[in-house]
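Please go over the structures that come below.
The two complexes that follow have chain A in common; it is paired with chain B in the first and with chain C in the second.
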Partner chain A sequence: MPGAEGETPLHVKVIERKVILLENQIQDLKYRLISNERKAAEEKRRKLDSKFKQKFKQQRLPAWQPILTADTVLPAFFLIGLLFVPLGAALLFFSRSVQELQLDYTECLSINHTLANGDARLCRDVIKDNPAELCICRENFTVHESFEKNVYLYYGLDNFYQNHRRYVKSRDDKQLLGRDDTTVSNDCNPFATDSEGRVYAPCGAIANSMFNDTLRLFEVQESGSTELNLLKTGIAWPSDRKIKFNNPPGPLNASGAFKNNVKPLYWTKNVYDLDPDDPNNNGYKNEDLIVWMRSAAFPTFRKLYRRIDHNMTGFKFGLHIGTYYLEVEYRYPVDSFGGKKRMILSTTSFLGGKNNFLGIAYITVGCICLLLGIIFLIIHIKFGKRAVDQLNINQNTPYSD
Partner chain B sequence: MFISVYNLFYTSMPVLALGIFEQDVNAKNSIIYPKLYTPGLKNALFNKREFFRSAVHGFVTSCVLFFIPFGAYYNGMDQEGRSMTDQQTFGSVVATILVIVVTMQICLDTSYWTLFNHITIWGSLIFYLLLQYFYNYVLGGDYVGTLAKAMGEPMFYFTSLLTIVILMLPVMAWRFYWVDVAPTLSDKVRFKQRHDAKMASKRIEHDMLRTPSARRSRRSIRSGYAFAHQEGFGRLITSGKIMRPRNPKPGNVSNGRASNFRPDVNKFKMAAPAPSTVEV
Partner chain C sequence: MSPRQKAETVRLVKKSKESPVCAAIGDGANDVSMIQEAHVGLGVMGKEGRQAVRCSDFAFARFRFLKKVLLVHGHWYYIRVSTLVQYSFYKNVAFITPQIFFAIWNAFSTQSIYESLALTMFNITFTSLPIIIYGLFDQNLPPELLLDRAELYRNNAKNSAMSWFNFFKWNCFALWHTCVMYFGLMFVCFDDTCGLPDAQTPDLGLFGTTLVSICVFVINLKLVLEVRYFTQFFFWSVIATLLGYAVVTLVYQGFLSDFFSNYGVYWSYYRMFQSSSIMLGSMLLGVVCLLPDLVVKVCDSFTDVRVEERRRKNKDSPVTLKYYISYVNEAFYPGEESNNWSTVTNGPRDEDTSLENKHRRENGAIVQSEAFTDKNKSTETGMHVGNRTFIENETAFSNVATSLSESWTSESTVI
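Right, the complex of A and B next:
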């Protein structure tokens, strides 16, 4: 309503005051709303501050609390005992079913070297005098019981510590992967480079001491002797062959992949001559080398040398009864450290080779378990505290009586 | 590499979980039975003798851990005739069995299995296998293919089962003997806890089973008004069954004074009135 200038009429003032009042009330309500919302959010968070978190902080999480009582432990003893004894018997059976033949040829007699009086010389003496001399010796053996299929030929060494700490380190895995043929790691010393600075291929003491006897088997028949066919692949671990060993690029000869290298000190042939007939088995990928490079854990060990080829006539089902002889190209000197060499023919079983230990151990542990179970049963019946005693506690019960 | 990660990755987490979550009795019972704290006062659980005993146990465990696989793998071959007696296989087998045995020992020592205990314990074993794979195949370590080959042969599983049983059985037997023949207060309280929990769950079951039938048979003349009301405890209280003389002396006749009685709490708890048995 138009009134005097500069002077607001009374009702306008009243309205203004009411407006201010209402605004205050609105502010008030807004604040209350906000604080209520905040309180509600906190409540919700506290409720969501889940039961899990509360229990975690109060150490009251749901838990399984096992106690060793007689009704769990005693059946366990008996169960283990009753399980282990037949298991041990089965393992023993498997181990007994493996057929094995060992032939020590450390002191075999040479066929082409004689002493002054006409007796044959021991091959080990021959190579002691002249390491480069080729000494061939033969050892006869008879197979009394036919071996079932998949017969394997091993060479075994005694008193050869392939697990010596410094020996195990003495190799260069990069070189064996075909990567670096000019420099090798210091672990290979002193078998890393020769006096002219050329790198040995392969370097290191493990490769240097590689087993280099050649073993051949012959069967003696009325018409003469026939050589057994032996397979030289499939003797190394597949993972080794695929992942750990590779040839450097280039043709496998002195002017190709190995042009900067020289053969190791104790070897008689070069690494690319290990199997010239089969390029997949030559160089670093030669399976005999791979098998040797996997250093053995114990001083008496055996390594797979060849597999009998069962596609030969007459050997389809294994090694049959008969007279055989082993022909060795004796090169590997073991005399200086009192070692021994043997040839082993063996079949395999579900568990591997012939080893009675596991079977006997299982039977022993099973019997001890049963015995313990019986003893504890008696102890429990006679001396065990019953539930009445266990539960009868109060504040004065001592900790242990 | 194995030695450095052994302490860091394979064995630290379960021990950590054990230290954080382990409890033999719950908080309530710890206060009720103060004599539970006796071993702390007497320094009974970690002293020179215990330390020496633990060291000897470790030594014997190491011997067993070496010699059992040694005997098993002595002329070991795989099923295709390849030699398994190499140093890397033997080392991997012994190391794997070691990690398993140590984890089993922690299992025996853990008496309060929360979710975290399960995660750290089984996780440690899985982590071991994963780390071995990662280190050898991805980073190109020199044990590549060894553990996989060893674990692919049944010999490994028989050997590890035998070793674990040989190592765990004496420990279990020893502990069982002491819990059975001379249980400590801590063992007794744990028994009691388990017993109470069983009773409580049985009672809940029993109550849950009772409720429908109870409601059905609550058909006494007295309930003229709301069905939710029970008869009440009046008859029970006045019968004096739940009261017990304060100082029961043999041959003492009570003079009926209320002060001579105090409520028998245990009896009261179990004396829930069964409406079907209350006579009108």
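Right, the complex of A and C next:
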């Protein structure tokens, strides 16, 4: 073999070339392996990316796409109209069957106080001069239509803002729960403690302004007048009575549960004298107090006062027709803020007191719905298929088949 | 071009006469300043690296995605965001305005009609989940339609969804809802006649709780009316919100707590369910609130693009022959009113009163007219039309068939 100095022999060149080829092949295989691995990893990832996830990320989630056109909404209008009108009629029937009698006794005349010229004085003037004076007044009323069973007696106040902010927060619920009668929260100020530092029981402006008129009903008969039996329990919310109001531990007298307390500023009796006959209705658990402590929402309100006892003879089925009078121990002054007091005798339906609004509103809305339904029906029939749609031709318009 | 030149080009367009909103799209490092200069910078992830993507407002992988980004996603996002903003204002107005009304009846003493839990949790807990789901998933119009009809994008021009008129419209609804809810409830409970069992009387806490309940339901149902794309997510979010509200209130008002100081509303929500007049009243007030919204939505549907699309695709109302002919006539001879099919086949309107043609005309058939003298051109056109015979219905088809066969056997010459 001719062996020149720097010249590699042929077989070496062949081997070198083979080696290079093999190296290239190895590189190739390596790349292919890497890319395969990468592909496998992607496949794996794609498989883990479930169909739902893909739809989620691509904003292709399945959905219902309603279009509220006149013809789809039409049945709804008719349905609502046809449901509401009879419902409203029924509600109106029920609310009209409620019987109610209201008697404003703000300016009733005293029976035992007279003016210089012999006329009876107004009770409100009597108590204005002397708040401690007992003024009794009577108001006659007749029942023209007999009230069906379960008649209730309410007292109503006008222009009395029980929803005033400072009034609403002026109470101490912890005290009323029966805990902690030694200190009361600052919300009760200025009706929290008296000048000697003793705590009012109960404290606060709401309790202080509690309604203290006594209302009694009498029926006038030939033989004289008979008093109606009125039940004083069962008038407060059960949740209040059972849970929110509790007496502090101890007997209900000045030396027991309320030994550190003093009666509120405007009260004439102590909290444990509210109903001495019934210990379950005494102290903080007195239902008149509980009813009063529920702040009314509006300045014209009523609160349940008594229930007519239908176990009385002659009142088993309700309040019968006749002449009655209301006797009031007039103590509550409403004159200074232009308020009014009234007595309300009312039956109830399942809807509540005498309020025709719901029935009338249902009928009105039902009629409006029916009217709208008819209007949309006319629109749909007349203008349902517009000529414009049929003329909407462009190069994408398919030839109809 | 250098980056500075590109940015200056964009600035030139931005400062031009109409001050348009400019978008710039690029994929390389030299596009960075242009992308930052434009109002909307779009970056394409490409061979030139991620420089453009890093500084852009929106980035995507291929240039061809631009069409979908603009026409579909841009459109959707705009509608979603604008509705979200309008809805947020609406729900707050609808919730808080009763406080103003109540001030008239509480001697302006700033007594809140709602107790503190409702005030705290209303915005975040009771009404926020459905609108978030709406903002993520709602699709105003289907993507195929948006890609097909690019002119729909023009509806969003000049921020039209957040115009003063639209804002005013939403707030009018809010005011209506507020008035109905507050005054309706006030009249239902007038002089404390909304009945509780055993003729007991309601109070401020009960009134407030009822008002919050009605508010939450009406506000969520208003969103249900606005939604166009009901995914499972949205449906369950509404259910979850309403149930969640009920559960939270039941729990909160079910026990006395010093920490939460919830003495005022203790047991009010439970009592609310015991009062049938309040429940019936709530249902009525809900319906009355949403009735105008429904009516406005139906009125909007008359001009809705989707309804048009649906009618177009609907096989019940194909394009009729008559209208097609008149359309073609308009195209060729604008200004001449022509319902007459023969003018297409015969060229400009002739006093073509021959009985035969008239007969054929009335049959709605296309016929190679025998009034065929020097109007070769028009017959050619006629032929064209004749080749694409438009058949309206079965009878027309048979008419065409018979008349064609007639014409071939008649004396008319056909090219």
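Couple of notes before you dig in:
Throughout what follows, the second predicted complex is superposed on the first by the 332 of 401 C-alpha atoms of A that agree within 3 Å, B and C clash if a C-alpha of one lies under 4 Å from a C-alpha of the other, contacts with A are read in each partner's own complex, and residues count from 1 in each chain.
Everything below uses one rule, namely that contacts are C-beta pairs under 8 Å (C-beta built on N, C-alpha and C of every residue); 3 or more make two chains touch, one makes a residue touch a chain.
All of these numbers come straight from a predicted model, not from anything done at the bench.
Three-chain overlay on chain A, with chain B and chain C in a clash. In the superposed model, A:K269 makes contact with neither chain B nor chain C. In the superposition on chain A, A:A297 makes contact with both chain B and chain C. Look at A:R46: by the touch rule set out above, it reaches neither chain B nor chain C.
Of the two partner chains, both chain B and chain C are touched by A:L91.
When the two complexes are overlaid on their common chain A, residue A:R166 makes contact with chain C while staying clear of chain B. By the document's definition of touching, both partners, chain B and chain C, reach A:V365. Of the two partner chains placed around the shared chain by superposition, chain B and chain C are both touched by A:A63. Where the contact sets of chain A with chain B and with chain C meet, they give residues 59, 61-70, 73, 76, 80, 84, 87, 91, 150, 152, 154, 162-163, 168, 173, 234-237, 239-240, 243-244, 291, 294-298, 301-304, 307, 346, 348-355, 357-358, 361-362, 365, 369, 372, 376, 385, 390-391, 393, 396-397, 399-401.
Of all residues in chain A, only 59, 61-70, 73, 76, 80, 84, 87, 91, 150, 152, 154, 156, 161-166, 168, 173-174, 177, 234-237, 239-240, 243-244, 291, 294-304, 307, 346, 348-355, 357-358, 361-362, 365, 368-369, 372, 376, 385, 389-393, 396-397, 399-401 touch chain C in the complex they form. Chain C makes touch with chain A in their complex at residues 76, 105-107, 109-112, 137, 139, 142, 148, 184, 186-196, 198-204, 206-208, 225, 228-233, 256, 258, 263-264, 266-267, 270-271, 275-277, 280-281, 284, 287-288, 291, 294-295, 297-298, 301-302, 304, 306-308, 310-312, 315, 317-320, 323-324, 327, 388, 390. On the chain A side of its complex with chain B, the touching residues are 58-70, 73, 76-77, 80, 84, 87, 91, 150, 152, 154, 162-163, 168, 173, 234-237, 239-240, 243-244, 291, 294-298, 301-304, 307, 346, 348-355, 357-358, 361-362, 365, 369, 372, 376, 379-380, 383-385, 387, 390-391, 393, 395-401. Across the complex, chain A is touched by residues 21, 23, 26-27, 32-36, 38-39, 68, 70-91, 111-117, 142, 144-145, 148-149, 153-155, 158-159, 162, 165-166, 169, 172-173, 175-177, 179-195 of chain B.
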